[in-house]
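You will see chain A twice below: alongside chain B first, and alongside chain C after that.
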Partner chain A sequence: MGVFIQSSAQISIQEPLCNNYVTKPVLHDEPYVRAIECDYKAFIDPISARRMGKILKRAIAVSVTALKASNVTMPDAVITGTGLGCIENTEKFLSAMTMEGEEFLQPAFFINSTHNTISSQVAIYLKCHGYNNTYSHRGISFESALMDAFMQFETGSAASALVGGDDEMTPGYFALLDKLNYWKKSAGGPGAMAGETAVAFVLSNEVSPVELSGVEILFKPTADEMNRRLTAMCERRGISIGDIDAIFVGRSGDVDGDRIYDAFCGKFFPDREQFTWKKLFGESFTSPAMGMYVADELLRSDRKPLLKHVLVYNHFQNKDHSLILLSKC
Partner chain B sequence: MEQLILDLKQQIIEVLNLEDVKPEDIDENASLFGEGLGLDSIDALELIVLMEKNYGIKLRDPSQGKQIFTSVKTMAEYVAANRTK
Partner chain C sequence: MKICVTGIGIISALGRGREATYASLLSEKSNIAPLRHFKTIHSDLLSAEVRETNEELIALMGGDIKEPTTRTSLLGMVALDQAYKEAEIEENRPESIAFISGTTVGGMDKSEQYYRDFLDNNSRNEYIATHDCGTCSEMTAERYGKFDIMTTISTACSSAANAVILGANLLKTGRVKMAIVGGSECITKFHLNGFNTLRILDKEPCRPFDATRAGLNLGEGAAYLVLESEESALERGVVPQCILAGYANACDAHHQTASSDDGDGAYRAMNGALCSASLRPADIDYINAHGTGTVNNDLSEGIAISRLFAGHIPQVSSTKAFTGHTTSASGSVEAVISILAIEHNFLPVNLRFKERIEGLSFSPVTNAHQKVAINNVMTNSFGFGGNDSSLIFSRYKKG
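Right, the complex of A and B next:
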């Protein structure tokens, strides 16, 4: 039984809830840009929205948009990956603890400071009583959610799933990471451009133009281990590594991190076409969700009609590596 | 009392993040919970924090809450009679 991508939606530092980035990309010069918001009143009434931070509003907006674009009215599962969850409300809660001497703490900020708020709030909004989980594993949070969904399908526990990847970047967290030289200070130097991610995919076992053919997560893999897992993933789909037509690599402009992608592509795909997405969408813990979004969009379009199998490859600090295999049906 | 009622309305809007609601939209005699503003139990906790933080009032008897938080006006009357700051 296959797992197929029915629809998707994104809110990011590109125009929201559309694919205008293909023809009219929003170009950013600054290393820190917040997401371009949509009109959330079209999705959430003000009374319901009053306790939601930006990340929850975005997660609901992309979820509803993706569901409307699919023929799935109620998913069997809602699964989300997020590196930091509702960090904006977490910061407010922690700041209040510090400023007020651990008194006068506002409950709404506390409620939204837990990571699993995202999937649960989406499910509450949708009135979905199915399987519900939120994964928070730094740079492989989205892939963990995706793998969970994949296994839900494989075991027959779900016939449809709403899978999301959501992360917000607050000024405070950006500043903290900036001290670690995480963000780009000069062209050609270390560091990446920050981004914010909110992506939702509707998956189901009904055949669609794009199949999610495999997901692999690896921790500090050797070249042999990478080769073995990549080969095994392809074989499960009935193909070989040589059948992969193009690679979507998580190059962010960070010279140190990009060397890993150079080595990977040089070893396994020296002559294959390469695509990137982080120059348009920035870096975040769940940016691989953006990579899968871009790959799915390209497979559906007629811009590259010869593409059949594409691989999305990302690594987080050269520790956590992920492979997502998509196939055109 | 009028100024206190206005202050409370502004503080309620701020702590409950009631976007698009203006102080003049809130009827000081209308019910805060249920049909009026439609607040719920989590909002009640936010109002308890507001009372303590802004007016130094600690609500020790939970059963008092229902009466105190009936409306903005009853809140204002309780604040005026019990505030320590």
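Right, the complex of A and C next:
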């Protein structure tokens, strides 16, 4: 069995639906930046679009773009990871209920507030009756979705899958998370720069330039457990940890969080090349989807021809950790 | 791989634990009553709240749970505690365990209570961090030691059923030796009002599958199942209670909040579950239906059942007239009820049913005291966005 990345698409704080970040990155120095939107008219009729939150429009645009770039027209599975779900609509309903009372609430915000609105709107758009699932677990929401997709292939339940990672960051929620010191207040201090994420991958069992060789989610792993799971993941792919050529590290600039990456790389990959992506794309609950996007793009390019196996490693508050192994075919 | 259930835990309006749940179902007493636990202008709306307050739930767990916590987590802990003990995990812990929980409301109970504080001052900031679904799962499970895999599914009313499916796949692909799966959800003002704006809450006690049905009553609760291979159960010396024989998820892909007229997604999910269990429609003895009591769901689901089981329609009931609609927890709450049906060879009645829905070929169960053999039970959970899941539990036979 092999699971191969056929195509991908992203909308983020870099230019949308393209890879211009490679040569012409949009540089940000503010802790809060919204995603650069694409023209949604190409994907959604304006009447439907008006009712949709940003996260839904972005998810549909990246899903359709990725599918068009692949041989897959109707995926066997649609699986999404989202840390906060449709937080814009959630806030609107919550705010109306709290500030204006329970008398005059409108159903539209509620309908579009549910986390799985993303996967279901994509399925309704595609008329896709296949397996449909949504994960919402902090910083491993996307990797949970990816692991589920991987198992759909392993168990023979699916031959193709559309997997997404989507999170929007509203001004209101940015401010709330700021109270928890998520975001950077000064250069060199704790906290990260916020980003927004909408990424879609089309996976199938047809050989392509990049294979998804493994995905693992771990909860509060000790160093020994990390070693065991990392080793097991590599062994299942028939390689050893030493065969991994480069690490895509979820370093966000948050000094406390970055120490965990230092320790991980120091222990397992002291002499391997490291790449990061959050400097360009910011931090979000589904930021690892962006990490996989960037790693996949680099493997496909000819900029680093010697890379064969690369690992995307991310952690969330040193509790939820994830490993994604990609291999060039 | 034969996937066995070796422990169950449940809390709902029917009470705590398997005995209370079974007794309540047998007694045919409704647990639907006006809301008590939080203030809302809709307090006249009927619901199926868990009797215990948060303080009482904390006391039940030994009193050492510190704020910030959420009702979803507290309900989850009570259910998880039972499942954990039944499966004798403490005594004989397998080498790897996954905890997969379904929730959609997550920590919304506290977010809606303290939202003004979040905006205006810093007195309740710790509850900002307990808002999301994943945090609620972690708070539920963390006191039970080491989990190798922990994640949260959020597909509205099919969340817990999808957690069961994920757990089974984790076992089948050898990622873990044991998976504790299910869901937890408390009633919040947020989704009470949400369902109310959709005009699908019945002002009377709900009447699933009845011609006069007029909507659902919200419920709350949590339930977890311990899944492991037969080999693992026997090795640990734990007796399997039943097996998870099959499962499937499909998407209706019709509308965000309404089911298609012919129940396409429901049909696909039920048919997929039968295929995965290698069972024929005639093998199913009882269907614990999703049966919310809304005009749309019960007709659509009923049509799907009529189509798939034509000529062999099994006994069908919705137990939501007892439990209310426990939304993200309903998949595992009703899985536990299905397991009890196998264990006791009994058919939970479809409370308050009087008149068959026009166009359906069957009426639900009204007599709980029939002599029946219940070997294979299907249980349905359908969520917003046409997220349809179907599970089949079967009597355990060694070997």
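The rule is short, and it goes like this: the second predicted complex is superposed on the first by the 329 of 329 C-alpha atoms of A that agree within 3 Å, B and C clash if a C-alpha of one lies under 4 Å from a C-alpha of the other, contacts with A are read in each partner's own complex, and residues count from 1 in each chain.
Everything below uses one rule, namely that a contact is a pair of C-beta atoms (placed from the backbone, for glycine too) under 8 Å apart; a residue touches a chain by one contact, two chains touch by 3 or more.
Worth saying up front: this structure is predicted, and the values here are computed from it rather than measured.
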{"item": "Partner chain(s) touched by A:117 [first = chain B, second = chain C, both, neither]", "value": "second"}
{"item": "Which superposed partner A:47 touches (first chain B, second chain C, both, neither)", "value": "first"}
{"item": "Touched chain A residues, chain B compared with chain C", "value": "C"}
{"item": "Which of chain B and chain C A:100 touches, first, second, both or neither", "value": "first"}
{"item": "Chain B and chain C contact sites that coincide on chain A, given as residue numbers", "value": "103, 105-107, 111"}
{"item": "Interfacial residue positions of chain B with respect to chain A in the complex", "value": "15-21, 38, 42, 45-46, 49, 52-53"}
{"item": "Residue ranges of chain A in contact with chain B within the complex", "value": "46-47, 49-51, 100, 103-108, 111"}
{"item": "Complex contacts: residues of chain A adjacent to chain C", "value": "78, 82-85, 93-95, 97-98, 101-103, 105-107, 110-117, 119-121, 123-124, 126-138, 140-141, 144, 147-148, 151-152, 154-155, 172, 176-177, 179-180, 217-220, 225, 229, 319-320"}
{"item": "Residue ranges of chain C touching chain A (in the complex, touch as defined)", "value": "40-42, 104, 106, 108, 111-112, 115-116, 118-119, 122, 125, 128-129, 132-135, 137-138, 146-156, 162, 166, 169-170, 172-173, 175, 189-191, 193-194, 196-198, 249-257, 264-265, 268, 383-387"}
